[in-house]
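Each of the next two complexes has chain A plus one other chain: chain B in the first, chain C in the second.
Coming up: the complex of A and B.
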């Protein structure tokens, strides 16, 4: 959780700094002749502070790249969680501070400042979206996906699941000698006659057909292509009806299969959530780097032409 | 067979070296970073980032500088030092603009390095400038890329920076009020302080024009009885045909100020200058009259030397035309004429104050023949013209110069027609108002009817300015009743709302004042 009780200090500090920034902005604007300017002393101060916040936010990527780093020279590298909190709250604060720097103007259309401000806006909004997502989805995953596994291992786990289901089905449908014939009770002295256990055979065939028609597709392809197993509710109905037609000897196998199907379904749900959890970064992170590069050019030229 | 789901079994399913390989999402993200940064840099390069063009333009430059919009170096010259910084230098501005100083008493820097806007040092010595100094730190007031208003630098804050306490911005004791921070009765001094004189125990603006003119007498005339009578003589100075509209040449000719009174345009219709009447019959010559000697009447309204030259030329011509029998006849004529002119001059009674200094006394000619005799006659005629009842002395003061009479210069039209020289006033902009709304500072107890305005004693002298100060009184007629009420420019010119809820007319400093003294431009 990025926003929770543990972040209270950051939240308070952010609110204090935000109020201070806006509070100082009002007398600053009132004291200017032609309105606020990024080139004024106060404007430059806002620019430097805002840029520092942006830089700290970007450095999170570097900190994550060297997760095991303990110290940078004599300075403690800080916990990755602290860096993440700094990324969230200082990044959040950087936008209003930079707006104060720019005098709440985006600059002339087509100019560098205009491009930077729009880029910053996209990065800021995507960051907020990401923050919301990061607060909702992990909790949801924790609650709904008890069988969650590592995303990068999904392929490997799925292969194992497929193997396990196949092994269970093979084992359950294997014709065993003691099960080949049904014992028939006959009068004493009479010959013992055995006959094929018709019900068991039928159940095995049904299980095999279920495996071939649905389970394989469910495990190999897109699970949503098998609606009867795609959701917990339909899967429960499906397995309930199968169970009703199965002899007692096959019920443990059915239970195992149902469990593995549930795991497969959770992997599917996990993938969707994982994509939500990470795909916004494909917008946020690359644009952040582009923003920092262009902002550096802006700072260089602005100081030069001050 | 029951599947095992203990931690060990589940962990055993995983490849423990998975983190050593980069995931697809991470690879895509790295690729996206490279693409985005490259795209950003590519756009920057293609948009002219390398050549330092418009990409860094924080806003369009104002209209007058539009030609330089794409040429940053035209203004961002860094003072021509070629260093890292490309700030706008005064040199760039002064390459086109004169940048005259504001006031001779403002703080002056000896060199550019000493310019210090924070300490109000905003002028620098410039030996190449006719006035020895130019304004400096142009960008302190004139801000580009922020619209024409910012470029003009017309914000009151720019003025108040110094006039909030003018002592801090002056080299010596300033004449201006220490603190002028707003156009209000409390925060702005009265107008025309340099013209104020004590007259009859009261301080009031005093017109330095040396001219005897009786407004009272003229306003009593039928042709001046209408409400717009003032403009029959005091018309605004319209734009001359040779000067394009909007020209910055001078304030005069802009329609802002009142055109100087011109004798030929405003006076000559009634007041013709006539020479003295001299009728002589000499013994040996023809009958000679004044008309014969000064054939072209009326005498032109020109300076006394020109009057004298005019008289000399016409006397000489008339004598030549008429012809005298001999030199004795001419001498006889000159003697009799000059005797009479001298005798008449002795009888002339002039108004009090007609002479500035000692009166000129006409002298008898030492020689009666030749040019000297005629020159002496011309001098005496000029003296007679100057001192006759309908002559120069009617309006002008007289003085003696080198023994002959001269009119004292009225300084019209060369005298400034702006009584409040530190400011500008646009009469044309106020054309919707009646002249007397501002210029009739009369006491109602002295006025019984409109016609009685002419009876106001002050109007007998033109030297009383009736231009309004920041506060003045206006006499308002309602039927036959006259009431006086306090008036002030700030009734209309003020920040905020009027009593009717409308916005006040502009009252910022530059509505009336200019920073750069145009009179000190090269």
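Coming up: the complex of A and C.
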């Protein structure tokens, strides 16, 4: 989710609530003899509020399962964006509130509260990382990947690219009678003779070798296995040197291949960015559910032994 | 017709009351309908007036204008105040209109003698027999010579029609003048059409056909006196001229001057090919020139179908029409009514399958309420029971053939049936034959008008009495592609083209032109839609838009006086039309306002100007989570109506999802009219979609998908070629009851957690956001 001026209301509310939480915490700590405790009235209040925030944040996952839900009973279900805002800002707020509940302690090493607090920290940090990623990567993709396509279609697009490159190379390296000879300048008065166009034949062989050695591997396998094409800079150098050794008739084919190689590289980059964009969720989501379960156990125990 | 004035006059002493738009020739031909007395009508039906014609050719569209050059159709006009026997003058009946108090004599010894002399003079310049008459006994001039007792023809039974010498024609009496001894020449430079100038009677039919019907303007006249002749491109050999060999000159020629020299159409139609002479003997083709039939050999085949055999199947792209020669056929919609959804099947990975949900199982609120489904036959199908039967003498598949639409229904032989299957050129010629058109129109008025009127929302519950009232009063009109039906600023009460129109076949494009000369498309109308109501109901009685034929269009016109009379009896009609007119006017105003607001050219190429509801994704916010696609699928029974792929503009991605275009090309060509607009915005595909895929092909942006559906077919059905088929799916902006009925946003926007998806008006959004012409 992009943090922009549309989130101003949420940001202000979060700051106000944060300040209020901390502001209330100071007199609360000052009024206690043995220091803050989660079992005290104020501590419990912090715990309930923090848990509620955590619960709201976790419910986003459930809300996303029912994408077209319009009402929950008589209450409007709200747009998914509203739930996302709540998830982000209340999730952020829940951490200091729970810290207030815990008296800024993680508990005894190995205990349930210790596990919960560390889990919460990991979830909290992973969430912030995710938020940062979601604010950076879409913009980067927009700037760097003008040929971006649907992730699930990459296999199909790659197959098309392979076919196109093969067709270009096949066509360019096909022997054509009219091109296989060149005019040779001879002294005046003598007949003009032709000889095999050695440069063209050599260029064709070079292009074929480039295709077999590098291009195929670059298109079929991991592009990073062909360093000379893996980045825009190295690819520009590679194509520059190839162009220098090619006759003019093959240059359009080289241009087309370079364009297709750039497209392949963009797919590779898109895959990397796509993974960055979504892989953090593999950490954040399951740990969030685990956190809720552990927090529920903790709450149950706390209420039972109150 | 009520919008024309009836004039009273006498024809051979019989009082006639006929419209003033008719010529004397037409009034005489239809005298059995227009005679004032019942007894006269009966007598004229038994013994019709038969005025001979030569340079005049009947054409249902009146494109071959009468010019009256041969005068063979002459009749005698008597003095109004004197007895019949006192002649005033001879007039050409083919081009003279009827007038009040005329006294016309079509049958008398003097008139016959005049015609006989004219024919004899024309024959004096004509080879007897000409090539056409010698082979087919079909030269109109020589047939007239036989009619007036000038010529006599004998047949050689040992030869076949088409061979030289099959018919031998001679003068009955030796003529008083000598035979023509010189030839005016021949032109065999065109491989398929031969010219014999000697047989030409300079009737100008070929000149008019070339210019007015074919629009080629290649043929003209040159020379003076006896050297006058038809020429191609100012006296070039035909083969070297700009002639496109369309054959209209040959079809129009009454004699053997322009004949066919090729070998017929090599069409691969299944069935027994019908020879030209057999076609000529058939009641359907008897009025058509033998030269055309020779050229069309192979374009008509006889097909025998046993009871239960399929003649044509819905959704197929056919280029032929069918005429039922004998037997009966059933017409029905093969596709089940229903919409598609995806159901989860069992199994670990929850496999999904698309299934068809019937209307009974889960009805859709937005499903059509129409009573009839328009199809390509002289009858419409009842929505609740889409089945009909037609029999001998009926033509079906006309729109598929003429407008290259997919077949709108499946046709099956109800009993052993013989049909004539025809190619487009044959159907086109048939449609031009006045007797054929009149017969088809008569059948339409009798059988189809009622259901056709009821296919329209306006006339959906029109009582039988009102249909009976309209039946003889409405005009049935045809228009060629591009032809204007009504023009903006024209009078809506004009006697020639005023009134209310109901589309019978084809598609009508409605455009509005503004003061600055720009014009935009307001709508496309197809069978069952009405237009012309705004002008008709407004006090100014002026048309507010142009309506032009997009393809071959046929319409029913209800003239202003008839309409006024109708709404007096049925005021509900006026009320409905008023509502429709108000809605259309409001839409037009919106269009005009939009036109003024934005610079169109910037968006025209990408079609964004057309978009009323674009789904755009802000790519800076979008995390490519596909929640929009998943929500769309969830809202539409598991079938998404959008793809997160498309054109990029700045940071916005215009997704592949219906744009609700202002100019919805997808609606053009639906054979059963199942694609339509709802609430002037979203496009809806009704459950009776036959899955032909025309709409998907027509959409320039690829926003309509053909979704495969699974049906439980029996082995017998599979053997007969029935397939699982397809249904078209399109974004309906979630305005159906399956979607979000309480939320303004469609599911894709509602479910986007990152506020990246938006539905916007293309013009406004891009003008404001990308070009900074205002605040977003």
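The definition used in the following text is that the second predicted complex is superposed on the first by the 262 of 306 C-alpha atoms of A that agree within 3 Å, B and C clash if a C-alpha of one lies under 4 Å from a C-alpha of the other, contacts with A are read in each partner's own complex, and residues count from 1 in each chain.
The definition used in the following text is that a residue touches a chain if its C-beta (ideal position, glycine included) is under 8 Å from a C-beta of that chain, and two chains touch if they have at least 3 such contacts.
Only a predicted model underlies this, so the values are computations on that prediction, with no experimental measurement involved.
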item	value
Fit or clash - chain C, chain B, common chain A	fit
Which superposed partner A:80 touches (first chain B, second chain C, both, neither)	second
Chain B versus chain C as contact partner of A:19, first or second or both or neither	neither
First (chain B), second (chain C), both or neither touched by A:60	second
First (chain B), second (chain C), both or neither touched by A:149	both
First, second, both or neither for A:134, with chain B first and chain C second	second
Which of chain B and chain C A:33 touches, first, second, both or neither	first
Touch count on chain A, higher of chain B and chain C	B
Touched partner set for A:209, first chain B, second chain C, both or neither	neither
Closest approach of chain C to chain B (Cα atoms, Å)	5
On chain A, positions contacted by chain B and by chain C	149-151, 153, 278
Contact footprint of chain A on chain C as seen in their complex	619-625, 627, 630-631, 634-635, 643-645, 648, 651, 739-743, 745, 747, 750-755
Residues of chain B touching chain A in the complex	1-3, 5, 10, 13-15, 18-19, 21, 23, 25, 28-29, 32-33, 35-37, 39-41, 43-44, 47, 49, 52, 54-60, 72, 76, 84-87, 141, 143, 146, 149-150, 155, 157-158
Chain A residues touching chain B - in the complex, by the definition given at the top	33-35, 37-38, 107-108, 110-113, 115, 119, 149-153, 156-157, 160, 164, 167-168, 171, 252-253, 255-256, 259-260, 278-279, 281-282, 285-287, 289-291, 293-294, 297, 301-306
Of chain A, residues touching chain C in the complex	1-2, 6, 60, 64, 67-68, 70-71, 76, 79-81, 83-84, 134, 137-139, 141-142, 146, 149-151, 153, 274, 277-278
